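The following pair of complexes shares a single chain, subunit A, combined with subunit B in the former and subunit C in the latter.
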Partner chain A sequence: MIRKRTEHRNLLLIIVALLLLSGIFAPEYQLDLLATAVLYGLFATSVDFSYGYAGILNMGSALYFGLGAYITGYGLKAGINPILLILIGMAVSVAIALIIGYVGFRVKASQVHFGIIGLALTLGFEQLTISLYDITGGSNGITNVPRPTFSLFGMEWTLTSPTVYYYFVICVVLLSFFLLWKLANSDFGRAMLALRHDETKMETMGYNPLKVKMSVTGITAAFSALSGALFVPISGIAYPGLFGVTLSMSVLIWVALGGTGTLIGPFILGALLKLSESTLSSNFEEIYMLIIGLIFVTMVILAPEGAINLLKRLIGWFTPQRSKNAGN
Partner chain B sequence: MDVFGIENVLNIITSISILAVVAVGLYIIFGLMQVINMAHGDMVMLGAYVTLVLTQAEFNFWIAALLAALIVGLIGGLIERGVVQFLYKSGNLSTMLATWGVSIMLQQIVKLIFGPQGQFVDVPIMSMTNIFGVDYPTYRLVLLMICIAILATVFFLLKKTRIGLLVRATMDNTTMAEAMGISTKQVYFFGFIGGSALAGFAGALLSPIANISPLMGLDYVTKSFLVVVIGGVESMLSAVGGSAIIAGIQNLLNNFMDATQSWIIILVIVIITTWIRPQGVFSKR
Partner chain C sequence: MVSNSVLSTEDLHKAFGGLVVAKGINFSVLPNEVRCIIGPNGAGKTTFFNLLTGLIPIDKGTIRLESDDVTALPVYKRQQMGLVRTFQAPRIFPELTVYDNVLLAYRSKESLFSLMKQSRSMGNATNSVKEALEKINMSKYTETRAGSLSHGEKKRVEMAMAIVQQPKVLLMDEPTAGMTVRETQEIADLVNLIRSEMAVVIVEHDMEFVREIADKITVLYRGDIAREGTLDELENDPFIQEIYLGSVEL
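Right after this comes the complex of A and B.
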């Protein structure tokens, strides 16, 4: 299921160019939307990192997204340094991920078991968030979260305008994506793949599967939390739904239908779907969700390899065949 | 409320038995096909809504409940034939996502038809019964007895009949079962129908005492999966035992704390149990 990286590189460059151009030409309120979409894309990529490569299924990934979001939301209102908040959010998420990772992997819980526990955790946190009204604002969540301003490297960063924040987000997201990409294509990435294919063999080769699994889970948690943390100042709200089952499932759908293991497929699908949801769903919410559900079901059955690979297949049909000797 | 009073104990036992019916339904589906049926909770929801519609059309409540079970079972069959059967070879994630898609569709359709607000069905038996010295709603007692009867029937079917043998054989070792001439396709199909029908019936029984809304299934599907995780999948009794733990502890804790806090404690217990006994409390393997 691992496709050639070079093809993806071109796609990636196109996307980077599009994003940068949008920053210059698109109107400000759309930049907010775009930034949000891109952050969800990063979230999807981080989940693909653990599922698409190491085969670790977490049915409750929104837990980390929500944690990053709420910690940042709460902290920004209290005037705490945003960079510190992002780091705290990531650290807490990583800690939790490592704990459940340790429990789950030590006992060799099946993929399903592990996934269900993740699901239950995310639901639990959603409930907990609603109940801790004083801290979290209950069902309404934390509102009026200000955009961050902070000092770093001796400079004052005022990220209050949508354009500036947009570029900030783009930079962080692209950097993160690049990091994940590099990891996936390194020895560590190959270790993750080995995990998926034959854990025992991997152990005989001298790798410690537990360590790899826990690292993967931790990395995913960190980047999911990062996405959540950067997300909150855009809308100014952190609400319990950011923890929920719906978001967790949506991310998995983006991963599966975007193309597991491609990193970029889930990114694109997640970003696109979020964009279309923001623009279309206000008018047609129920029908929109109904159609989305139908599309999901159809795609899972007919195009299990994901949208991006499906696209490649379709492009392959329409373009002339290259010479058979050209080493595919 | 006196925590160990008769009324509370009866409430707890009733909750356990309802969850057990739903969880046994899931146990059949999950045990047979390793399918994470995210739409299982929506079967409960549909059971409640069908009962709502039928009772509003002047049907007798009990007939409505039976019809609801049948209809929901058929819907389950449709889902199996239309969606799930293509994905048996594709792995856990695919079936989970596909059934989640189905779940979204079902919830949206119900929301479009009935609206998102909560609804109620009139309680069919309004009287109270004096049991062990306290007055307790008769309907709840009847519900409890029906659930126990259902569980006993399913147990009997699985353990003592030929059909049950076919189901258990397929659960145990699909390849061998097929080699012995069992049509596993048919077993899957009827298993899905049966599991969904159980959930639908539970939903029907719940309709007078629970708030009927398009999203009511989410709670049940999550709890059912927790039951499977904590109880194990060795037999139907594992599911019943798991239900006892989950529903029992949660209801008990609800007397002392917020529902959300008791949920967290349940989660911690499930995680710890997975750590100590990953195959489930009531499973040997």
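Right after this comes the complex of A and C.
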């Protein structure tokens, strides 16, 4: 499958425009919701980077999201510079990911076994945060996390307003997405695709599969942690559920339904589903999860290759045929 | 053991339980030599390649690339030192274009960080990839998705991926399998073209192809070297005829 870079780029530009305009026209109380949705979209994109491209299945990617959230939450309450906290959260997540990767990939754990390792760890961290009450607040989590204010380049940055924080999040998310996009479309991205297809061949070509996989896992962990770190000032709380199985499984579903190996598909679907979940839970409190489930089932039936590919097909039906000399 | 060999093995042993697939093989290839390995099915030819490249660990013995002992080195390290192979069934990356397949092979020695920076060294890379594709007559398929190629075309792409890495020794496992007469001749022409740059070791069954390109032939039989020599020397050897059930003219 060769990525249709031009089509995805156009779609991305539309999304960027919508996000920027939303900050101007949407009510402030909705901007937090939008920012949250976009952060979950970035989380889904980071997971797609490792699963969709390199075929690395991690059923516990919420571990990194949660780490980013907790480190930032704890540090913001202590008055530590939020940029430093984000970097620490990303560094800690990368370090843990590299350790997990080294252990799991070195013994050539199968895709499923490696996924289960991640799942077990995220469950373990969830229990750990519950038990370390004095540090993490236990089941209640770290509450009353303030929005950040900090000094950088000799200037005071105050991100307490929902609108300002929204644009801050949008800028960081778009920059992050761009970086992941560039990586995925570089020769490194092609190496990931090749590795997913035939690891032995890659090895006989001179690539160290362990190194490639660890790099991919580290990159995913970094951006997952970034998502969590930026999320917690919006929610005001870092809670054990951020490490939970539900979030880990949800993000994999977003990736699968959005279109694996597209980056933009999981981003859009993750964001939209998070928005839908919030809207549905407000209006259909008792059955919103059932509705979400039905949406998933419908999408699997209508778009087994992912929502982004369904969208491309729909666009193809309604636009004139161009030259067929576009590869696949 | 020949001291100026580019690839050599000493007393190579490998067994899978009771099945012995390498019985103390002593093998050596000179620089720029074209060596063909022949033998009946089940003789251990592909297994021998797997042992040389490290895909299967040996039980005992030594493998050297020039003077370097590569016995304990992992597969990717041996490749980086100049031992490159192709497979019996072509192994390429179908989702990528022909160009990207070969480029990925070319850039295998670079760091991962370098791969992330797409534009670096693209000038040299582009020239090398194009040169490799020209050698195998696949220049017009540069932007074609590799998965859509025919069997013979995929084999040629895999050869381009191998030669673009400028190996010291190229191991080719049945390069003419499934190829047409014309394609087989093109492979022979390719081998004659690259022999000045590298040693080539070829596992083959096509004796006409072997006759055209081989400097020397090694006959493998039941995990050991039965005979070595030129085609003229082996042609009338009764033992060789016998292991082929007396039905093959060399």
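To be clear about the criterion, the second predicted complex is superposed on the first by the 298 of 328 C-alpha atoms of A that agree within 3 Å, B and C clash if a C-alpha of one lies under 4 Å from a C-alpha of the other, contacts with A are read in each partner's own complex, and residues count from 1 in each chain.
In this section, a residue touches a chain if its C-beta (ideal position, glycine included) is under 8 Å from a C-beta of that chain, and two chains touch if they have at least 3 such contacts.
Note that this is a predicted model, so its numbers are computed, not measured.
When both complexes are superposed on subunit A, subunit B and subunit C fit side by side without a clash. Taking the Cα centre of subunit A as vertex, the centres of subunit B and subunit C in the superposed model span 80°, given to the nearest 10. Of the two partner chains placed around the shared chain by superposition, subunit C is the only one that A:206 touches, whereas subunit B remains out of contact.
In the superposition on chain A, A:17 makes contact with neither subunit B nor subunit C. By the touch criterion stated above, A:95 is placed in contact with neither subunit B nor subunit C. The partner of subunit A that touches more of its residues, comparing subunit B with subunit C, is B. Shared-chain residue A:84: touches no atom of subunit B or subunit C.
Put simply, the nearest alpha carbons of subunit B and subunit C end up 14 Å apart when the two models share chain A. No residue of subunit A lies at the contact with subunit B in one complex and also at the contact with subunit C in the other.
Subunit A makes touch with subunit C in their complex at residues 1-2, 182-183, 185-188, 190-191, 193-194, 197-198, 200-201, 203-209, 211-212, 215, 327-328.
Residue ranges on subunit C touching subunit A, taken from their complex, read 53, 55, 74-76, 79-80, 84-85, 87, 91-97, 100, 103-105, 107-109, 112, 115-118, 143-145, 147-148, 161, 165. Residue ranges of subunit B in contact with subunit A, taken from their complex: 34, 36, 38, 83, 86-87, 90, 92-94, 96-98, 100-105, 108-109, 111-112, 218, 222, 225-226, 228-229, 258-261, 263-264, 266-267, 270-271, 274-275, 278. Residue ranges of subunit A in contact with subunit B, taken from their complex: 51, 57, 59, 100, 103-104, 106-109, 111-113, 115-117, 119-121, 123-124, 127-128, 130-131, 245, 249, 252-253, 256-257, 286-287, 289-290, 292-297, 300-301, 304.
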